[in-house]
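Structures given as structure tokens follow.
Below are two complexes that have chain A in common, paired first with chain B and then with chain C.
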Partner chain A sequence: MSPISQIGEIFPVLVQGLNTTILILITSAFFSFLVAFIAGFGRLSKNIILRKCTGFFVEIFRGTSLIIQLFWFFYALPILFGIDLGSEFWACVIAISMNYGAYMSETVRGSILSVSHGQTEAAIALNMSRFQRMKIVILPQAIRMMLPEFGNYLIQMLKATSLISLVGLADIVYKGQLYTNTNLSATPTVYLLILVFYFMIALPLIGLTKWAEKQSSKGVASQ
Partner chain B sequence: MAEPVVKYKNVTKSFGEVDVLKGINLDIAPAEKIALIGPSGSGKTTIIRLLMTLEEPTSGIIEVNSQNLWQMEKKGKMVRANEKHLRQIRGDIGMVFQHFNLFPHMTILENCMTGPIHVKGQSKEEARKNAIEMLEKVGLGDKVDNFPNQLSGGQKQRVAMARALVMRPKVMLFDEVTSALDPELVGEVLEVIREIAKEGEMAMILVTHEMDFARDVADRIIFLEDGVISEQGTPEEVLGNTKSERLQKFLSRFRS
Partner chain C sequence: MWNWDMFFGSLPMVFKGMWVTLGVTIACYLFAMVFGFVWVFLKRIPFKPIQWIVSIILEFIRSTPPLVQLFFLFFGLPMVPYIGVSLSPLTVAVIGLGVHFSTYISEIYRSGIESVDKGQWEASIALNLSVKDKWIKVILPQAIPPTIPMLGNYLIIMFKEVPLTSTVGVAGMLFMADKFGARNWAYLEPYTLVAIFFLLLSYPSAVLIKKLENKLNRRFDKKAPLGAKNLKKGVAIDG
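Then we have the complex of A and B:
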């Protein structure tokens, strides 16, 4: 079979997995942002217990590998504690969100801290409450600083979704590997096409990151 | 003399081992204009930062309108003021900073509207009207939709003054507001302060190195040295013919 007709045959197979990859990416991205902000604020809290607990959580998830976390949520939790996360899909989303959320929480924390202290002082001089200072003055500037790094993490997250094939979720990689099992000679073409697929999904994310970098360069008072 | 709007009673402030203020006693009358002068490190800026609640005094009492700023009563005991107590009292205080500290993500107009809207509960229309009026007064009526990074240092500082003025404080603090400016931009900022001072009702404390300006604007000049008030009086008394050798030495640096 010629490579061209191979492509014609493999393409629809991979497209079947596209859904899962993109759905996992979007859901995980949403929840990682959520985790990132909760943990980021937790680490800035005045409450020492809250601060230490979130610090512990962040270091655990940053310090261990995503694939093992995935296996934990998938195999170990149900066996050890009888905790069933409902579906394979959600086990994967939780693992990825926790892992990336932990990394991104450091971005959240760092960005908030790097807004110049003079901004807080000016807000105090206007008699704003602590909450108003954060919402009106600090966060809008901090988020501009977070954007480029968030973009980078999003691209990394896309590539990390390929790990879910290892626990049997039918994403692009899973579909491709299934195909090579019965068509060994097509292996190079399959992996080439998988690369192209990932790159095509990554392109808009790369564009988004570039845009974010532009945004972040304006409207921030950093130290 | 009318009841002082601000009172410092034996206020001290230490940063670690360093005693920056060593017992400040100071009454400020309503509408009084005070210039704080003194060598760097003498504690001038710290005095006004304590009043703005940016630093907490180590000991002593600061009163605003006869209310204790840094302490409040709780179950019959005086305890450290919480955020709510500070907010109740510091609404009467406003401040302009050496480095402007404008909000870079807002336009000039928004910078001057955010306080009145979110803190004083003014409607958007009212806040906009007042902000535009104030910006025109400081000579920036044509810049309302610009962002801070599009302005010169002198313009930024004038915006910062408008932003503080729309809050209608009873006491306005100026922290070396011309020190970060290029020399040719100092005049326009001082001119605006002179205008504000002429209008009257607001008390002003100016930390400054501009001696001629202090002589013009101030009712009273306070010379601070090593954390204590070592000389004070009318501009003539302090700048004219002081007997203090150290003050003379300090002043001689400004005469060239």
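Then we have the complex of A and C:
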């Protein structure tokens, strides 16, 4: 079989899995932002118990690797607590978003801390409440600084979504593997094409990150 | 339910896997450290098309999943007509992860090299140093040490990526836990044990590297080098 017609045959097979990959990416990106902000603010809280607890959570998820967390959520959690997460989909989303949420919470914390202290002082001088200070003065500047890091993490997350094929979710890798089982000679083409697929999804994210890098330093009073 | 017998039963196997995981981590890391230089020098070739091609290749390797790269090397490469070779799981792990992380490490090297003062480059030209002497005696000794903490962080990141290699059959911790799980039909305890091992190994190293970073930051701070240290006595140095 010529390579061109081979690609023509593999392409539609992989497209079937594209849906799952992108859906997982978007869902876990959303939840990891959520986790990142909750954990990031938790670590900046005045309440020492809250601070320690979130610190513990973050270190647990940063200290072990995603693949182990994924397997743990998938195989261990249902046995241990009798919690059935409902579907493989949610087990994967929870594992990815907890893991990357923990990493990104460090970005959130770091960015908020690196907004110049003078800004806080000015906000106090303007008689703003703690909440107002954060919402009107600090966060708008901090978020700008977070953007490029978040872009990088999005690319990392995209790469991480390939792991879900290991627990049997029908993403690009899974579909490709299924195809190679019956067409052994096409294996190199299939995996190369999968790599190209990921690269194509990553390209807009790379562009976004480059753009964010340009934006990040505008209008920010950093130390 | 939780079974302590299974927990302690899996301990010897997982412990044995730990040495493999550590060994593979170090092998991959050394490979990446050496290969990182290759990218740096390829990118410095003063011919634009080559630079573009190298940039695209770097971006490609960096933004595609290491898992698929491993699969390609392990399952795909032997099937390539004419040039196909079949590699052992260990070789696949070292080359796959090594090349993947070398792209990140080359970025670190580049930042280190770019931060070397321009005067140093000029001085080595003025002293008529050969290219080899310029790099080995002047530039690299100044470029690399400040990047050690960053390199260390990547060692930890890589350590956490190594379990991926269990999918191609490297008998690390995760592989051993899988094996134990399949034999005794107990996955909860071995997986938890693996997670604990990872935490025990990576958290202290992260703390250590943080400390090293603070120390090196003081040493390589261009604004306040060693001589200025006494001025800062009694002042809390944060970082």
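Please note the rule applied: the second predicted complex is superposed on the first by the 223 of 223 C-alpha atoms of A that agree within 3 Å, B and C clash if a C-alpha of one lies under 4 Å from a C-alpha of the other, contacts with A are read in each partner's own complex, and residues count from 1 in each chain.
Quick note on the criterion: a contact is a pair of C-beta atoms (placed from the backbone, for glycine too) under 8 Å apart; a residue touches a chain by one contact, two chains touch by 3 or more.
The structure displayed is predicted, hence computed values, not measured ones.
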**OP:** Please tell me, clash or fit, for chain B and chain C sharing chain A in the overlay.
**Re:** fit
Original post:
Should A:207 be classified as contacting the first partner (chain B), the second (chain C), both, or neither?
Top reply: neither
Original post:
Does the superposition put A:144 against chain B (first), chain C (second), both, or neither?
Top reply: first
Original post:
What is the angle, as a multiple of 10 degrees, that the CA centres of chain B and chain C span when seen from the CA centre of chain A?
Top reply: 100
Original post:
Of chain B and chain C, which one touches more of chain A's residues?
Top reply: C
**OP:** Check whether A:8 is in contact with chain B, with chain C, with both or with neither, and answer first, second, both or neither.
**Re:** neither
**OP:** Name the contact category of A:60: first (chain B only), second (chain C only), both, or neither.
**Re:** second
**OP:** Give me, in Å and rounded to a whole number, the least C-alpha distance separating chain B from chain C in the superposition.
**Re:** 12
**OP:** List the residues of chain A that touch chain B in one complex and chain C in the other.
**Re:** none
Original post:
Mind pulling up the chain A residues that touch chain B in the complex?
Top reply: 116, 118-119, 121-122, 124-130, 132, 136-137, 140-141, 144, 218-221
**OP:** Write out the stretch or stretches of chain A touching chain C in their complex.
**Re:** 59-60, 62-69, 71-72, 75-76, 79-80, 155, 158-163, 165-166, 173, 177, 180, 184-188, 190-192, 194-195, 198-199, 202-203, 205-206
Original post:
Hey, which residues of chain C end up touching chain A in the complex?
Top reply: 1-2, 59-60, 62-69, 71-72, 75-77, 79-80, 84, 160-164, 167, 174, 181, 187-188, 191-192, 194-195, 198-199, 202-203, 206
Subject >> chain A contact footprint on chain B (complex, rising order) >> reply: 52-54, 83, 87, 90-91, 93-95, 97, 99, 101-105, 114-115, 118-119, 147, 149, 160, 163-164, 167
